[in-house]
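Chain lettering (A, B, C, D and E) follows the sequence in which the chains are written, and residue indices restart at 1 in each chain.
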Amino acid sequence: MLVWSRPGRILIWAVFALLFGVLFLAPLAVILLSSLADQWNGVLPSGLTTEHYSDVVQGAAWKAVKASLVTGFLASALALVSGTWAALALRIQDATLARVLGVLFFIPSAVPSVSVGLGLLVAFSHPPLLLNGTIAIVMVAHFVLISAFTFGNVSAGLARLSPDFEQVASSLGARPAYRLWHVTLPLLTPYLVAAFGLSFALSMGELGATVMVYPPGWVTLPVSIFSLTDRGDVFAGAALTMVLVAVTLILLLGLERVAGRQTRS
Amino acid sequence: MSVPAFTGSNVMDVDAAKIRGAGSNVHFDKVSVAYGAHVVLHPLTLDIAPGEILAMIGPSGSGKTTALRAVAGFVRPASGRIRIGATDVTDLPPYERGLGMVVQNYALFPHMRVEDNVAFGLRAQGADKALIGERVKDSLATVGMLGFAKRYPRELSGGQQQRVAIARALAVRPRVLLLDEPLSALDAQIRRNMVEEIAKLHRDLPGLTILYVTHDQTEALTLADKIAIMRDGRVSSHGPTAELYRRPPNRFTAEFLGRANLLPVTVAEGAAGPKGLAKARLGNAVLAGAARGEKPGDKTLLCIRPQHLSLTGDEEHTNRIVGTLKEVHWQGELTHLVLDVDGTPVRVSATRLPVSLPEPGSAMPLFFAPGDTSLVPEDVRG
Amino acid sequence: DGVVTIYSADGLHDGNGSWYETEFAAFTKATGITVQYIEGGSGGVVERVAKEKSNPQADVLVTLPPFIQRAAADGLLQDFKPEGSDQIDGGTDKYRPLVNNYMNFIYNASVLSEAPKSYNDLLDPKFKGKIQYSTPGQAGDGTAVMLEIIHAFGGEDAGFEFMKKLQDNNVGPSASTGKLTALVNKGELHVANGDLQMNLSQMADNPNIKVFWPAGPDGTRSTFALPYEIGLVTGAPNSDNGKKLIEFLLSKEAQSTVSSVALGLPARKDVKPDDANFAKAQEAMKGVTIWAPNWDEALTKLPDYVKKWNEATGS
Amino acid sequence: MADAAVLHAPMTRKVPGRFWIVPPAALLALLFFYPLVLIVQQAFTDDSGMANVAEFVRVLHARFFLNALINTITISVAATAGCLIVGLVLGLILAFVPFPGSGVIARLIDTFIALPTFLVTLAFTFLYGSAGMLNAGLMEIFSLQAPPVDFLYSTWGVVLAEVTVYSPFVLRPLLAAFSLVDRGQIEAASVLGARPFRIVRQVILPAAVPALIAGGSLCLLLTVNEFGIVLFIGAKGVITLPLLIYSKAIQESAYQVACIIAVINIALSLGLFGLYRFAAGRLGA
Amino acid sequence: MSVPAFTGSNVMDVDAAKIRGAGSNVHFDKVSVAYGAHVVLHPLTLDIAPGEILAMIGPSGSGKTTALRAVAGFVRPASGRIRIGATDVTDLPPYERGLGMVVQNYALFPHMRVEDNVAFGLRAQGADKALIGERVKDSLATVGMLGFAKRYPRELSGGQQQRVAIARALAVRPRVLLLDEPLSALDAQIRRNMVEEIAKLHRDLPGLTILYVTHDQTEALTLADKIAIMRDGRVSSHGPTAELYRRPPNRFTAEFLGRANLLPVTVAEGAAGPKGLAKARLGNAVLAGAARGEKPGDKTLLCIRPQHLSLTGDEEHTNRIVGTLKEVHWQGELTHLVLDVDGTPVRVSATRLPVSLPEPGSAMPLFFAPGDTSLVPEDVRG
C-alpha cells in the first residue's frame, strides 16, 4: 500500500530478498547443507550424505532433545507463573514501589549468562540449598535468564487490557480470585502464550550458563552442539543444529495455533 | 449488520415480571472524589428514587463517570457516604454491592459464549446450576437474544452486543443498573434504535433503578425520568426531564439540554407569582415569558426552543419578534431556519415550511407562545 | 550397583564407539556401576569441581596439564594409588597419566606441498591470517604451544620475541583447539596447533590435515608429553566407585585399546600396542625429541607467562 | 505496566493484595539476587576472604580490561544500530509492501531467536571465511590468489552475526506496532502528494518509535552480554567483557577478577540501557 | 471540549476566493473492483460535476469506501477508467492525483503540530517556504482555526480536528475533495455542527467538487447536491437530493433516505401523465398519490414521510387515514407518534402536539397532502 507501482514493488522485494537471503536464509541453508555434507573444502560440498544424521540419532541426540525440551518447558513455565504473578501483583502496589520493583524484575536480563552460571554454582553448592549436580540448577539458570523477558511481555499485555472487563466482572459479584481466573487470565492468554514462546525459544538456545551447571545425563542440545563443533566435528554439529531448529520451529508453530485459537474464541 | 428491534412478542413470551426487582434508591450523601490533589467531584448530594431512570449528562470531564464509578465501588470517595437502599455501601467492595453495569463497548468477555457471559455473575456468586440456566434464559429472552446463546461476542452486531451486556447485568437481579455511555461507540442510526430498546426494557422492568451516564442530550431526553446536569464536578441542575427542559434553571442547562434560542432581554414588569408571566423588552418588542421572580430592570435571557417558534401567529402565539432570514437548512425530517434577531442568531425548526418562504436577507416575523418560554439567568462563571 | 561421576576434559568421548564409551560400558558390565559423564574444556571441568568444592558431585577428574596440577594444588584431588601404578611413569599420588599424548602442529596438506620446516618459516607473510593457535592460559594446547616455543628458543625472552612476530600472521585467540582442525582441513587456515591423539582421530573426517613439528633455531624438532591425567576428587560422593573406575581405566585390558580406539598412547609401560594407529604415531614422531616440562614450576610461572604473552602479542 | 498501576491507583482501599508481590519477589531474590550479591561480594574480596578493593582498581586500569570494555561497547552499539536498521527495513517491507508468503517469512525469522548464537558464527565461517563459499567462489571466478572478502574475524564479523541473531527482537515489536499504524494516515499522506520515503519518515516512523525503543533496548542488553558468538569467532580484537569473564573464571581460575568484570558488565548493561532509554525518551517516545 | 461554530467573520477575514479552485469533474467509466474473486463494485458509471457535492450513501459493505478509494488510487479497478477533469488517473499513483481527502478519525499526524499537519502536503510536493506559510495561514483561516496553529492534534476537540483535517486537504488546492465518513466517529451533537460547517465551507468554496461517503442519510440530505445510493456494489439510485427524497424510485431508496411510512396499496385509477396523481386503495380509504405510471390493480407502496402527516386536515391535506395510537416518544425538538394503520406501523413526527392528545390505544385520524406522497414499487430482490 506504500509503493504503488509494480516495478517499485519488485525493487523493494529484491532488497528484501537480498537482506533476508544474506542475513537469515544463507546461514540456515549453509548449516543445512553442511549437515548433509560429505566433505566441504571447495565452494560446495564434495558430496551429500545423511550419515551425520544417523550418527547423531545413534548418539545421545534424543536424550539431548529431551533435556532441552524438559528444561525449556519447566523453566518457561516457572518464569511464566512468576512473571505473571509479579505483573499482576505489581498492579496493586503504589506507583513508586511498582516502578522500583518493575526495574528489579528486569535486572536479570542485564547479567551475562556466564556470570549467572558461575554465580548459581557458587551460591547453591552450599547448604542449605544444594542444587549443584541436579537438574534443578539448570532450570534455575534458565529461569533466571528468561524471567525478565516473560515479566516484560506479560506486563505489556496487562497494560493493554481494558480495565472495563475486570470492573464489569466485579460489579457482577466476582471476587478477586474468581475474576482473576475467569476473566483476567483468559484475556491475557495471547500474551501468556507469546511470553512462553519467547522464553522457550531463548531457553532452547542457552549455552553460556548451561555449560557451567549441567548435571550428568542432562546435556542440552546447545551443549552437545557446542562440544561437537568444539572438537571440530562441524558436520555432526550442523546435523544436531537442524534437529534443534526443527524442534523449536514445531513448538513455536504449535504454540501459535494455541494462541490463535485462544484469540479467536 | 441489521439490528432487529425488540418485538413486543419477544418480551411477552417470558414472564418479565420474574426479573422485576423491588428496586432500590441510590443516595449520594456529600460524596467527593479526588485524584491526588485534583478534586473531580465536589461534595455531591443526589437521590435516585427506586425505579427511576436518572440520566447524568454533562460535557466531557465533568465527573459523570467518576460519580458512577463511585456507586460501583471502583473509586473511593474522599468524603461522604453512598447508600443503596438501606445499605451503606461506601466501604463494600464492588462485588458485594449487588449492581449491574453496562459500559461503553460493553466489555463482553470475548472468550465466553453469550450464555456464559450472561451466566458469569451468577456463577461468580456460586448460584446453583438450575437457577443459572433459568435466569440465563429469562434474561436473554428479556432482551430478545435467546436465539444467540451459543454465539461468541465477536459474532454479534453492536446492537446485539449491547443487549447481551444488558442481559448479563440483569441476570444477577441487580438492585441498580449502571450504564456508562453504553451507546457512545455506535453510529447515530443504531444509537437511535438502542435508545428505544432501553426505554422498552424499562417499561418491562419498571422497578429497576437506572443510573444512565451520557453526554448526549437526546438520549437523556428520550429515556430519563430525571436528569442531573454535571459541570466541572458539580451538579449544575437536577430535576424531572420535561421540567428541566421547559424551564431550565440556568443558561448552561438551557443550552446543554436541547437547542435553545437565548434572547437577552430587560425585564419590564415582574410577574405576580414566581410562575406567572413577566414582561420583558427586546429592542422595541415587548415579550411575555414565564417568570422566575425577576424584578423590573433585571437583565436576563428569554429562552425559546427552535421548535416553538412559529412562522404564523395565532391566539396562542402572541409573542412576536422580527428577524432577518440568514440560512435555510433542509434535512429531510426537519428544516432549520437561521435568523438574525437584533444581533442574536435565532434558530427555527419546522417540519413543514409555508409555500412561499422569503428570500434570505429579508425580514420575517416569528411568533411564539409565552407559555413555551422561560426566563433564564445568565450564568455567573467562577 | 551405584554410580560414579567423572568430569573430563573433552577428547576421549568423540563420536560413536569412542574409547570412553566402550570402556564405560565394559566397566558397567563388569561392576554394575553406572558411569555418569560430564565433559567440558580442560580448565572448565577443574573450575566446576572447584566451585562445587563444598558439595562435590564428581568422583573422578580427567584433564590436561597444567590444569590437573592446579586442581591438585587447590586440594581438589585426594591421594590414591591404584593397582598397577608402578607400571605408569609420571604423575603423583593425586593424579597420574591416563592416555599419553603430545603437542603438535597441523597443516593443510592439499594447500601446502610440504610442512613448514621451522618456526621461523611460520613468519613468512604468505601465512598472514592463515595461522592460528589456541590461546595460552585458556586452552591447554595453547599453553603447550607457549611452553614448547620457550623451550625451542631456549628461553623466555627469545620465545616471546618469536611469538610477538608470529602475531602478525596469527588470526587471533581461540579458546578451543579442536575447532581449528576443521578450519585447517577446509583451507580456512593453513597451520594450527593440536595434539596428536585428537588430530589422529580427526583425520578420518578431515582428510586434508597432517601433523608436523617445526624445528627450533637450533634445528631440533621437539615436543613434550601432554597426557590426559586422572585423579580422584576430594570428598568424592562415591569414592570407592571412583577408585574402581580409575583402576579399571588404568588396567591392562583398557590400556591396550587406547591406541586402536582413542588413537592415543597407552600410559602403561607394559602395554605395547601393535596396531596400525600406533605405528602411524610412532612413524610420525620419528626424529622428534621428547622433553619433560616441570609442570609444578610451569604452574607457578604460568600467570607470569600469560601476562608476558598478552604483552608480547598485544592481546 | 506503569499505566496499569495508574489505572488502578484510585482503588486505594488498603487491599491485603499488596503482599501478593512477596512470593515472586522472594523467588527472584533467592534464585537471582542472592547469587548476584555473592558475585558482588566476591568482587571485593580476595581469595583469602579479606576485603580488597585494590584488585578492583587494578582491573579497572588493566589494558586487557579496557580493550574488552571498548570492544564490548563498540560491538553492542554497532550491532544494536544494525539490528534497528535491518529490523526496520524488513519490518517496513513485511508490513507495508507484503508479498505472498510474507507471514511465513516473518515466522521463520522469529525462529532465529531460538538458535544458539554461536551457530550463526559457524555458518558464517562456511559463508564468509577465507575458504568459505563466497571467497572460494570469487577466487575461482576471478582466479584471485588471496581471498577478497575478509571481515569475519574482525569486529564486523561479530557485529554481522549479532545483527542476524538479534534483529528478530526488533522486528517482532515493530511488526506489532506497524499493524497498529492508522492506515488512514498513510493514505491521507499519499493523497497529499507524499511519496513512500516521506511517508515512512514522517508518518510511520514516529508511530513506531516506542517499538523501536523497546526492541533496541532489548538488543542492547543482549549484545552487551553476548557470549557464544564472540567465543566462537575468537579473533583478536573482539574480546568482550563476557568472554573475559569466561576466560578469567574458567581458564585462568581468577574468580575474583571474573566477578569484578561481571559487576562492571552489569553496570555497563544497565548504564547503556538507561542512556538509550533517556536518549530515546528525548527523541519523543 | 466546546466546539465553536465557524463565525461568519472568520470566513470573511481571509480572501476565501484564493482557495476557490476551478473544480474538476470526476468520472467513473464502468469501473469495477474485485478482491480476489469477490466483486465488490460492479461496473459503475457515474459522473460528479465540477463544484458538485455528491453524497454516496448505502449500508455497510455496499462498496462506498471502495468507490472512493478507487478515485484516490488505493485500489486498482479490475476494469474501467477513472477520469478527474481531463486526466485519466486510472494508472496514476495517489500522490500524483491532486486530491484532498478527509477520513474517519481524520488521521491527523499525531506527532505534528496543527500547522505542520496543514503544511504536510505542500512540503511533500516541494513547495517553497513562503508559499507554504501563506497557504497554511489561508487554509487555517478558512476553517477558523488560525489560533490553534501551534497545538498538537490531541489538544483539540473532535470538531477542531476535523477542521484541521479539512484545512490540510485544502492546503494543496485539490481539484476534488474526498470525504470518507468524516463524522462517523463523532457523537450526534458534534456531528450536527460539523455537517453545518462542511456546508458553510462549500458555500465559501463553491468550485470544489466533493465526494462524500457516509451511511448517515441526514448528512447526505443536509449536504449533497446529488446523492448516489449504493447497494451490494451497485448504484441503486442516483439523482438530485430533493428529487430523490421526494420521489424515491424504489423501496430501498425510500427507506434508506430519511424515514418513510410505506403503506401497501392497490392502484384504483391510474394517472393521466406519469407525474399526475393516481388513486389507490388502502382498506376502505381511497388515497391520492404521485404516480409513476401504475395501472389499476397494481399492488404498490404509498410513501409518506413522518413529518408530512398532520393531525388536522385542511384544504391541502386531503388524504385521510385512521390509525390506533401506540406510542408517543418525546425527544425535545421532535415528538414521534407511532400508530398502527391496518397492521402497518406508521410514524408521525411533529414539533408541537395538540393540547389534547388521545390516550394510547385510541383511534386517531391522520391527514396528508397528495403532493407529499409518491408511489413506490416494492423491491424485487435478486
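The criterion applied here is as follows: a contact is a pair of C-beta atoms (placed from the backbone, for glycine too) under 8 Å apart; a residue touches a chain by one contact, two chains touch by 3 or more.
This one's a predicted model, so the numbers in the text were calculated from it and none came from an experiment.
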Shared interface partners, meaning chains that touch subunit C and subunit D: A
Identity of the chain that, by mean CA position, is farthest from subunit B: C
D-E compared against A-D, more contacting pairs: A-D
Chain centre separation (subunit A, subunit B; CA means) in Å: 54
Between subunit C and subunit B, distance of the C-alpha-averaged centres to the nearest whole Å: 89
Euclidean distance of C-alpha centroids - subunit B vs subunit E, Å: 28
Multi-chain contact residues (two or more partners), subunit D: 9, 11, 131, 187, 190, 232, 246, 249
Multi-partner residues of subunit C (each touching 2 or more other chains): 41, 44, 176, 179, 186-187
Multi-partner residues of subunit E (each touching 2 or more other chains): 73-74, 93-95
Complex contacts: residues of subunit D adjacent to subunit A: 1-9, 11, 15, 17-18, 20-21, 23-25, 27-28, 30-36, 38-39, 42, 86, 89-90, 92-94, 96-97, 99, 105, 107-120, 122-124, 126-127, 131, 133, 136-137, 140, 160, 163-164, 167, 183, 186-187, 190, 196, 199-200, 218, 221-222, 224-225, 227-228, 232, 241-242, 245-246, 249, 255, 258-259, 262, 265-266, 269-270, 273
Residue numbers on subunit A that touch subunit E, as the complex places them: 1, 4-5
Contacting residues of subunit C [partner subunit A, same complex]: 5, 10-11, 14-16, 36-41, 44, 48, 51-55, 57, 110, 176, 178-182, 185-187, 198, 202, 205-208
Touching residues on subunit B, where the partner in the complex is subunit A: 69, 72-74, 93-101, 103-105, 107, 109-111, 120-121, 123-125, 152, 168-169, 172, 178
Residues of subunit E touching subunit B in the complex: 1-2, 60, 184, 187-189, 191, 196, 199, 215-218, 221-222, 242, 245, 257-259, 305-308, 329-334, 349-352
